[in-house]
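Shared between the two complexes below is subunit A, which has subunit B as its partner in the first and subunit C in the second.
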Partner chain A sequence: MYTQLQPQDIEIFTEALTHYFLASTGEPAAIRSAYLLNTGGPVLWNDFNGLIEISGEYQGSVCFSAPRGLLSHVLLKMGESVFSDERHGDIVGEIANTLSGRARRHFGEGLGISPPQLLDYSLTTYEPTAHNTPYAIPLRWHGYEANLVVHLQPT
Partner chain B sequence: MKPSTKPISMLIVDDSMVIRNRIARLVANPQLPAINICGLAGNGEIAVQMARENRPDLVTMDLTMPHMDGEACIESLADFLPDAQILVVSALSDKATALRAIRKGAHGFLHKPFTDTELLDSLLELIG
Partner chain C sequence: MKSSPRISLGKYRDLVLLIAVFILIDASVSAINIYISHQIEADASRINAAGQMRASAQQLTKGLLTLEMEFRAGQPTQTSQAQISQARLGFLDAQKVLQGKPGQVAGGSFLEPAALQIQVADELAQIIQVWQPIDREVAPLLLNEPLDMETVGAAVNKAVTRNNRLTQLADDLGQSVEQLAQQKTSSMRSIQMAAIALAFLNFCFIVFKFIVRLSNSDNEAAQARQETERIMGSVREGLFLLTRERTVGNQRSASLDKLFGHQLKPGDNFHQVLSRICTLENAEAAEHYIDVLFNRKIKQALLEQLNPLKEIELINANKQRKGATYVSFEFDQIREDNEVVALLVSIFDVSDEVRLERELASAESRAKGEIDLLLGVLDHNPETVAEFLQSARRNLQLINQELQGVQPALQSYPQLINRIARTLHGLKGEAGTLGCNSITQEIHEFEALLTPLRGRPSIQGDDLIPVAVALSRLLAEIAKVDSIINRIRQHVAGRSNTEGQSDPLWETLQSIEKFALKVADDLNKKVRIETAAPRLNEIPPHIAGILKQAVPQLIRNAIAHGIETPEEREQQGKASTGLVRVEIAHEPNGTLTMTVHDDGRGISASHLRTVLVARNLKTPEEVAEMTDDQVVAMLFEPGFSSLDQAHIHAGRGEGLAVVKDALREIDGRLRITSRVNSHTRFIMQLKPI
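Showing the complex of A and B:
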């Protein structure tokens, strides 16, 4: 039996998503209720998947998964004029990093955060390091669906 | 920072190209004094090398980066560029991290995600 995160732990990621879209783009995202996923590891739904590995007092990952269109709009809002695969990969990783970093407000510095890595949908062989059930937090922004997958367990 | 007619020399350190570009665009804002960007670095190692070559007056510094992280980079810069003003721009939101960065030589801390106004205000505060 592995320890599950508590509702207040998940709430911090929901709040981080709300804050991210408002502060970065000036436009709020519609964040829906988090739910438990039955599959292990990061779940890849979308074109770009930015993954942060978690270490220290927790192990696991935080993965932001988004379609190209959503990320193009975020890039545009940030003043970018280049919309290459590289820039889309950069921003999906930066979003995952920013959401994880904000969670340290709640979890403290014991939540060790790696630099972001981009998971390739077809080539990924990522092995999850947490063994409990991950949460997905779905959101809608500019008509696009994206997900944050939080897979954390205390060490 | 002492008043000067010379443009302020600035180094931007962040592993995200999108964030480096955004900061570079924002420092051209007319609310700020003239700032000359002397380098854009994607990790701490490159930042130290660029700082040795260009000796910036002002540095924006991410913390979570590959190769050399921001804390190690701040320590190194504070050693050979003690007068450089360092603004940490990071997502890491716990108090302990901010205090440690300040102890190692940073002069300000701006949390990501930031608005344009928040970055301009932080830079103005640092430039004085």
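Showing the complex of A and C:
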């Protein structure tokens, strides 16, 4: 029997994100208050969107969405000098990978986690696999705002 | 398993027989050796006898010649006679030896060639034939009688003439006897070699049989081991032997590792293993249970019901462990000589069974909850409940918008949490009035989540994640109730035209009365509800809001804080059943007055002062400077309650704050009159709109 999504099931992703920013740039990201996203599945409202799909005891997705400016700034902080789309996408993919690893540790081996995929909001329409209300957790870093959308449903 | 010695002998019978034959052959070889040594000794004696015969014959001839010479010279002859006698006796002894007289070693003739035997016998016969005339002539010389020349001369003559012949015959006899001995020795050596060869062959056969048998045993053991390994490798249950030392035995099924999610090694201490995989309580209980099982006087059938390791949940810290979630252990005593030497431990994965049982229990609980919900809301006007649900959903969406829009600042999060708490408390009152108990419970849990946040000096954005989760759950519960209410509404809509005009105020007061009785029942108090209200065809919206939000809060407060328990009331000389009275009246100036009255313990300003200081909300000095009215006004501050611990009906400190907010929205007024141990009366005055 699998229980409803617990706050700690979401907190692991925010912790992973703050840890990523702190480790990569030396500056933590500030998590803002979470809210319910009434518009349905992950909203791809930023330039770069990294998404992992989850199946098994929980079904759905976790999406990290960030504007180009934020990612450029992260690259700068990391000492990079190339600011191509590819490098921006790499950062989002890396973050999605971090989320994936954290999910695997938290939920156990019984959970199926897809490889991270980059979604372009202008070209792609994403059909969510969970049908409950997703949680949106905005985070602020250096004046930019990124979003984490946790859309998981117990099966 | 012990086996009897007889069965062991049967198994090794061939080997025992072979070893017996080997020993027999060895004994035979030894006997032959002894026999051969005796034969050699006898043959040596016969060869010596032949030599002695020759020497005696010459000694006799020499003695006779010496006697003749001494006799002729008239010298004494005793020495010569003694020499002759000695030679004669020597010859006769040798003859006896060669003729096989008593004392000689018998046997051996079967190994001697017959021709040689005949030859020896002939030669011996010839010697005797030659010897006898000499012996006849010599014998008189050895008598104690005077010698005469004739007798001596005859004897010398016989001895000298036959000496060469006798010597020659004795030499021949010696050679024949020697040849006979050589032939016999050769035959006996062959027999000896054959016996040794036989013994060696027998020894080789024993070794061969032993190796074959050992090899067969090894093969059987290897096959048995292979079969055991196949069984242990494929059996789904975890199996192993638990030794008296409480360690894991060598033979164990491979599924154990899968069940436990990590390797279980032979020799591991079982109690340490248990304390790693299950709770300390289960591990300790199992330790005592296993101790009892090792007691030979205890029959395991008597203890099966007490097994503490049935359907136990395995510890899964950080969800790192793979394997079963729930397992059952079974223990079987293994007895030898009426002693429990080990326990066979069987472990079963019962995760699916436990999951199904729990799902069934959960489904039953959900079904019961839905029936309770249905029965709860059936007592109320479905339209009223639907309105409440819509309003609740709207309020919660506003909360969600605030969560989305709130800017992180020092005060913005605490203020938002206070607003959420007040909204929830209002909704809880309404939900309780309308019999939506599942929503009341969900809000109560939501409030419990907010309480620690309200006491924190600083709140971060991620502290609000549980708030969003609780909001989602509450909305889901409201949606569930809404779907039930919609069905009831559709059912009611079919017959609404057949019924007369309803009185909405009366219906609302009925709901409030039911709510009050439920609160009293939950708090183990006895309450009588009285209501008095004018008949209204419709309730003005501003009054409806107060009836839904403020009146339930005041009634809840009256019962939770005001009305004493039946025992307390009796001690104070009051009726054990308390009175809560709700009155609605029109004033001549158009003002509507709503009064909630209870005959409980009243509001004690001095008690409130103590609470304010105890909760560190005010210093003793500040409290001392406050008037009683100011102290009572603190009841309307959000988060202040005179109760030490919150329960579902009171203690959050939000009820009167909700009333104050509701009245403020419609510009209403509130008065409180109270006397300790007598009554409390809240009077709300609502101006006409």
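The criterion applied here is as follows: the second predicted complex is superposed on the first by the 151 of 155 C-alpha atoms of A that agree within 3 Å, B and C clash if a C-alpha of one lies under 4 Å from a C-alpha of the other, contacts with A are read in each partner's own complex, and residues count from 1 in each chain.
Basically, contacts are C-beta pairs under 8 Å (C-beta built on N, C-alpha and C of every residue); 3 or more make two chains touch, one makes a residue touch a chain.
No experiment lies behind these values; they were computed from the predicted model shown.
Student: Just to be sure I read the superposition right, which of the two partners does A:Arg87 touch: subunit B = first, subunit C = second, or both, or neither?
Tutor: first
Student: Who does A:Thr133 touch here: subunit B (first), subunit C (second), both, or neither?
Tutor: A:Thr133 contacts subunit C only, not subunit B.
Student: Just to be sure I read the superposition right, which of the two partners does A:Arg105 touch: subunit B = first, subunit C = second, or both, or neither?
Tutor: Both partners, subunit B and subunit C.
Student: Looking at A:Arg32, would you say it contacts subunit B, subunit C, both, or neither? Reply first, second, both or neither.
Tutor: second
Student: Is A:Ser24 in contact with subunit B, with subunit C, with both, or with neither (first, second, both, neither)?
Tutor: first
Student: Looking at A:Leu75 after the superposition, I want to know if it touches subunit B, subunit C, both of them or none. Which is it: first, second, both, neither?
Tutor: Touch status of A:Leu75: first partner only.
Student: Looking at subunit A, which of its residues have contacts with both subunit B and subunit C?
Tutor: 105, 107-109
Student: In their shared complex, at which residues does subunit A touch subunit C?
Tutor: 1, 4-7, 10-11, 14, 18, 30-36, 38, 105-109, 132-133, 135-140
Student: Mind pulling up the subunit A residues that touch subunit B in the complex?
Tutor: Listed in rising order, the residues of subunit A that touch subunit B are 19-20, 23-24, 26, 75, 78-80, 86-87, 90-91, 93-94, 97-105, 107-109, 113-116.
Student: Using the touch rule from the top, collect the residues of subunit B that touch subunit A in their complex.
Tutor: Listed in rising order, the residues are 15-19, 21-22, 25, 64-66, 90-94, 96-97, 111-115.
Student: Give every residue of subunit C touching subunit A within the complex, in rising order.
Tutor: Its residues touching subunit A are 316, 318-320, 322, 355, 358-359, 362, 397, 400-401, 403-404, 406, 408, 413, 416, 460-462, 464-469, 471-473, 475-476.
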